[in-house]
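Structures given as structure tokens follow.
Next come two complexes built around chain A: one with chain B, the other with chain C.
Let's turn to the complex of A and B:
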């Protein structure tokens, strides 16, 4: 039986913001093999905010290009279609919620910090494993907890209760959600991902990041996000709502078996990148608001 | 040189001015290196403040003390956070390494900005 609260969530999903039209158009273009860099540049440059943001990000220390990149076409050629799409998706999702819902602002910001930390973590771990899909892992990390944002909007009191529970007893937010709501952010996240028509792989990662073995053929990618979540919580990058650690699943660890020296290296890399890029994102946001 | 409360005096500090008691009797000459023993002696004479050399180094030692306290706070917070997974040796190792990185971050920030940010 579907719990009453979950019915409530499904009912309200239609009221949630949708992705900006430009982002949908960009996703469509990126998926089309006939698209040229010029086609993509045209859609992006039609949107001034996106253009400014893209140039700011590609010129940040996060990418570390030696020369200043001054045109959108150059950025597309240098980074590739997927990276551009993900970059723009990142910044759009980033302020999609924060601008509309003023309540719980502080907590939301901490969530986004956590999401950004996890995104960077997934990208760093993927890079270490020589994965070809580091940009995809970045987006997966960014969106893995999107269900929590939805819960916070639709069921603010119940969610607050769950958060409080984690402060009283040593349980994770995941366990507290089960007790208070009867379902968790992974199920809610999956519902939103389906509504947004996100790629199937992304939906699976969001749905199973606490138990990657259930993600079928995407178990490895899901394990990367699972570990990134643990790493950035350990480093205290933002907050996932609880100050607890989700247990590391042995099935997930089986993909890595990193030595202490490797863990140390990855933590350093994640921490440093996080502090570099979050300052750029904050600066971009402030400028947008002042326009 | 700076003036400090005797309470803050530590072995190894060097007196920048002689220390007299209330009757103006000389207790220690300038340039004397403080030891646990002579600090105790000054205390028993009821000395309130002393002048020591190298104000900056004593500030630095205060900072170092603050930093120790900060490190202890980081460790405590991590232990609390990891309480529910304390029986997993791998998670304990991740905790140790994360603590190491958080301390590195603080040191780096202090070097860049002069203040350890939380």
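Let's turn to the complex of A and C:
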């Protein structure tokens, strides 16, 4: 049975911002196997802001491409469809909330810092594991706590209560949410992901990043995000609302079993990359505003 | 509304059918890959599959060479593409593109730099979690912006499969070589052990046989000086004497195999020994059809041992070679000094390697493990005793050397002997084994 509060959330979901039409269209195109780079480029170049941002990002150190990419088609061709979709999704989600909801601004920024940290953590861990999907992992890390943002918008008082609670008693925000709201940000995140028609893998990771063993065939990817989440807390990158580390799931750890030397290396790598990438993202935002 | 639903259902249905088709194709691919046994065959299967998936001008396989860690063109399909694609890849490597694709571990579409105009490359990295194996480069005339998502996905999947299959093959191959190496080593140990035990047995037995044989020979000689012998009896006695000597000869050889008769050891020139034996063979008319091919290092170091015994080994090997080439052929004798190689268990300054190769009928595989065994012979109707090679083996062992054989049916046989070069002691010093031998 759906708790009363969650019904409330579902009701409010319709008021939430939707993804830009262009992003929806792009997702649709990427899901169609017959799409060519030319089809996709046409949709993107219709949107000047998106085009400028895309070119800025593909030429950033995140992709480390050896030459300058000057056209959208070249970017699509070189990076591939999934990468482009993820990249555009990232930037869109990024400013979707920050621009429209001014309340709780400080906390929201901390959330995004944490999300970005987790995204980079997932990318670094994925890279260490030689995963082919570091870019997907990045997006997953970025969106894993999207449910908290929703809660903050729709149920600001209740969410504030939950945050308060974590300061009074030694519980995590996850437990506080359950006590105060009757549901958690993972459930809310899943609802939003479904509403936005995000890729199934992404939805699963958002829904299960606190218990990766439930993520079925995406358990390993979810475990990466799960671990990245914990690493970011350790590094103090942003905040998740509480100042506590979520417990590490043994099943998830079973995928890694990193030695302490490896953990040290990963933490350093995350910290270093964080400052590189956050500067790029901030730069694109500032540029957009001046357009 | 209703109509569009039917429409999309139809499209969905079609997509599922296509998907099932794909899956079937992939299963078939696995069947075809299953029976491959080298990189070339694996490549053939995948190359065909790539050309099946997308309209291509050609494709090429680049593999990372283990020693240099560089990408080396392994196969090009069609072969006429090889030169162009090599130049193309050189440029792509120079501009960092290759490294980028490998690092990203995903297929990438790249505009051609050399194969202009209007060619597109699809780079498919062949990587597994453990290894970077190489890259498949597909050249197509399809404009890069018209290649679909599906094309790339299929090619990516193929590359992944290909990488896994090749990785498995390479692992298997390495293991197989290691295994063969171990088997050979084990075989050699067994062989040495077997011959050593035969040696111990025959040393005792031959001594026991020689004693009665001496008595026998003595009585035959006594009989021969009896005055009233008829011609027939004399003839019989001569035959008996001959055969007794033959037995003695065989037993002596056996004894020699088990414990070569101790003769004085000296430093000698292998070059001289070889020359002597070759001259000896040159005199025999039945060797006329044999062509000699001598490659003797000018700077062979002196060896320490018994030159007569080594000469005997050469006689045995040369005669075997001659017998293996009844219709003529080439007998090559090659002697080289390998200063870096070491002989096991002894302090040496490298080894001299002597190769004796014929172009004869070769040795059957099932026989090759037994040719050093005493009394093993394939020359039943040519009076072979089956002792030659076992004697040679004993002599080489005595010199702390090694003798090994390789043979191919109808192509020839190669005997390889290595003899250690001793660290020279002061002149007149006795070889280390001499004392124990005489004791």
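Basically, the second predicted complex is superposed on the first by the 289 of 291 C-alpha atoms of A that agree within 3 Å, B and C clash if a C-alpha of one lies under 4 Å from a C-alpha of the other, contacts with A are read in each partner's own complex, and residues count from 1 in each chain.
Keep in mind that, in the parts below, a contact is a pair of C-beta atoms (placed from the backbone, for glycine too) under 8 Å apart; a residue touches a chain by one contact, two chains touch by 3 or more.
Please read all numbers here as calculations on a predicted model, not as lab measurements.
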Which superposed partner A:216 touches (first chain B, second chain C, both, neither): neither
Partner chain(s) touched by A:236 [first = chain B, second = chain C, both, neither]: first
Which of chain B and chain C A:172 touches, first, second, both or neither: first
Residues of chain A contacting chain B in one complex and chain C in the other: none
Chain C-touching residues of chain A, taken from the complex the two chains share: 30, 32-38, 41, 64-67, 73-74, 76-81, 83, 129-130, 132
Residue numbers on chain C that touch chain A, as the complex places them: 15, 95-97, 99-100, 103, 105-111, 127, 129, 143-150, 152-153
Complex contact set, residues of chain B against chain A: 77-78, 80-85, 88, 90-91, 93-95, 97-98, 100-102, 104-105
Contacting residues of chain A [partner chain B, same complex]: 170-172, 230-231, 233-236, 243-245, 247-248, 253, 260, 263-264, 267-268, 271, 275
